[in-house]
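Chain IDs A, B, C and D follow the sequence of writing; residue 1 opens each chain.
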């Protein structure tokens, strides 16, 4: 009896998409990954990439403080929001262009490449002028005009999965970017909404998707334990789990310090303190050394 | 700003339950675990316990073959169903008492303690006469007469979480057992039903629950990647993830061989071959050695 | 292009089950219903059956008070729990046999047939001695020994759907009863757990299931808006919706009065006051008169 | 004991939003509705508004044929997509501007006002030049730049709920429109993704949300049974249910005829034939006549 891996059957039922292995001959081998390089850091290479930073850029001092902490902890890229998709329109919406300029300065001072979200197709060019990688958030996974616009740039894209999106919908969203000529896409799993977890976490990290995803596409996959949980105390355990499952990277929110936490204007409970980030990086490197990147 | 761990706030909102740390002074320290011993193997101790075996006991030869394979692969306890909760009443329902006798013989020949499911309060005494640990399946998590009955035995109990149960409902189910005097309970997470995963997996493993659960209760927690996914090719990755997150054990379905798979009368796609079980055990031991049991 | 009704394709993919139209030649016509008679009241006949009563029987006075209110409001059968499946084992668990005796007395005094839940296969005979209809709750939908035991009686059964059960699982559960010889089964939809509704309701009533269900099986189908919502203020609207969709009955919790509500030992927010029950019955009869039972 | 309606407590926990009754003194009375007028038709008035039309405008002939059928069946507004949010980028994406021009011509010939979706903030002005009402689809519910842009027009907006959005998220999305000065918003419930319904429907219509929504906001609420189910055979039953629950309107997809169905380039299984639309309109008017609009 021949039980075929589910990723193969999922892939076959999908329409022709240029992000699928079966339509991308270079990556027909399921062990191969389309490496995506961002500011000298490679997703899908031998190391698990740790992207870390504040939820939102709130000031030059805060961003630089967190950036230096990320550097010191061993993070490889800096994440930080200049344009923030906030549920409530009356909440802080990010510093916008001012935030991008701050990120640019932090890049100069720390050497960390910048990953930042773009929400509006009209701002893709602006954000792409500052970012090393454009982030598409969960709420925007099926914002097709936005996907098309980032597909027209040559900047690498981080595409988060929607919180109730199927694998098929997610890959089709990636195709909106790829069909414009940009296949430098890193996929980011951030958890599904289910029914039993609301008292302790925002969603449930779907590690089951990794194997079918890898069989279907050569694009690298990372996870975001911070937004998945919404609680920093759950982030380290989930990060270790994701690394052991063989992800190509982690996206982690960091606060500068416990005292800085109370000043934050968004998602205060979510960022890990720098020492926890350092532990996560340490555990990631230890796991790579002993069991290899994709055991 | 003092962000309290979510497990503490979840625990405080719960009613008084004897399985909660706050009602069990011996385990007030959140680092402590109530160890549960089963046939000489301890859940919650320094080693992650691998429980493995067939979905259902289908014959003496099959059960013994799988039992020996589990032994050889380093598994510590044997799981196997004599009474099977099958969705369709016309499907194979397990060998019943005959299956228990086979399990008993396999225990004698392999030395492995037996974990087996009980479905019916009227059969608790019978099953307890053969089993080293009584399993309560997901469908039975809120079968209160059954929980009460197993609580009246002194046999350790493996309590699976329902696939849309909240943490609060799960702990209350454990309390049905505990209130009768039996607190030798091991909790088993097996995935939640959500909305985006149906094309590749039955459910989504909820690793987020581990931290709040541990802060709320000292009971050991294991995971079942086999029933979570329903696909053996996803089991190894999920097992490594769970071990890295610090679980106290794994519950894994095994087939005797690929050729034996096609003969099976239940869940053919679910069991890993023995060599994959050996790899999982190996990865588990390696992780314990490098990062410790609960990093 | 011939779009086949989804109920037909769902039915065809199911295994052979004696509750399916395709295995029950008498009801091959999708317009026919297997009428189930309970104490002189017929489910699946020309009238929508209103079953109403307290969550739990708490005393003779309360049960009789509610029973009389149900009568006065036009309810046709009395529901009420003697054995209650409570999440927390330390909550009130129902009066048990004492509660059954009270229900029996209320039947004598009001003339209303009794619908009451059975949780334990060992108590089926006892409960069947008092009840006109045995209720299997959502938590017990896949309690297979219990289903088998009620299937061995000749008492009509009310089978609630589990809150994340598929249509296929629900029909297979009905088959556990039917295969023992009892096809006097009424199905009860009571809502699915999803992700967006937790701040205002326990679950989401799945009215989409009605059409596929009817095409697949001739068994009558009712809905339980009370447990679906957990809030009495949502019950009337949902009842009207269900009646308009053509259900064969409603299962509604009632309190004797607003002042009695505060004395209740379970689900205080759930019962409608008698005047709201009367309005629901009135709207049901009006809808039957104008649009017919299954428009 | 005073059980407060859940809509009130939900509303109180929300931040200050100009779409809430508690911030909109004119509509403090929970029985009042902010009527929204579209091409002479009023949402929130004495009649339930039936908006119907093709999924996508595919040609002048098809759109006009469906438009005339909608008129004949008693529909009050015409829906039809010129810009279609398709999961797969290689699927038909709508006729764009050409489609808008066709809709405009159909309006002239039939007298029906036009409801059509806008996906891209850069096209809001263009679409607003042709549409009587701008539709924001489920995938765009949290497309904040788009919401802001439609808020800057004076055109009424139809805001669909995301398929796993909470009530709170939905109202905050409406606020993104309202804060720009446009409170002519009609909310549209179209079903939540859950776990038990995948074999027969895309989602589960959440009628529970109606009561809390009405207590929280005076904005009219309609439902879309077509996208909720994805199967036309389920649409009539769900429509009757929604009307009975008191919705302010229905959004229904229609095919010109069964023979036309096979030619369609999107969602072939979804549109009801014109005679079914006529039945739905008839049932709606009958219900209004007997039980009133919001019984």
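Quick note on the criterion: a contact is a pair of C-beta atoms (placed from the backbone, for glycine too) under 8 Å apart; a residue touches a chain by one contact, two chains touch by 3 or more.
No experiment lies behind these values; they were computed from the predicted model shown.
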item: Of all other chains, the one whose Cα centre sits farthest from chain C; value: A
item: Numbering shared by both copies at the chain D-chain A contact, with half separating same from different; value: same
item: Fitted rotation between chain A and its twin chain C in degrees, CA, nearest 5; value: 180
item: Between chain A and chain C, centroid-to-centroid distance (C-alpha), Å; value: 47
item: For chain C paired with chain D, centre-to-centre distance based on mean C-alpha positions, whole Å; value: 32
item: Numbers and ranges of chain A residues touching at least 2 other chains; value: 164, 168-169, 193-196, 198
item: Contact footprint of chain B on chain C as seen in their complex; value: 15-17, 85-90, 119-122, 139-140, 142-145, 163-164, 168-169, 172, 175-176, 179, 193-195
item: Touching residues on chain C, where the partner in the complex is chain A; value: 164, 193-196, 198
item: Chain A - residues contacting chain B, complex; value: 1, 3, 5-7, 10, 13, 161-162, 164-169, 192-201, 203-212, 228-229, 231-234, 237-238, 240-246, 258-259, 261-262, 268-269, 283, 286-287, 290-291, 295
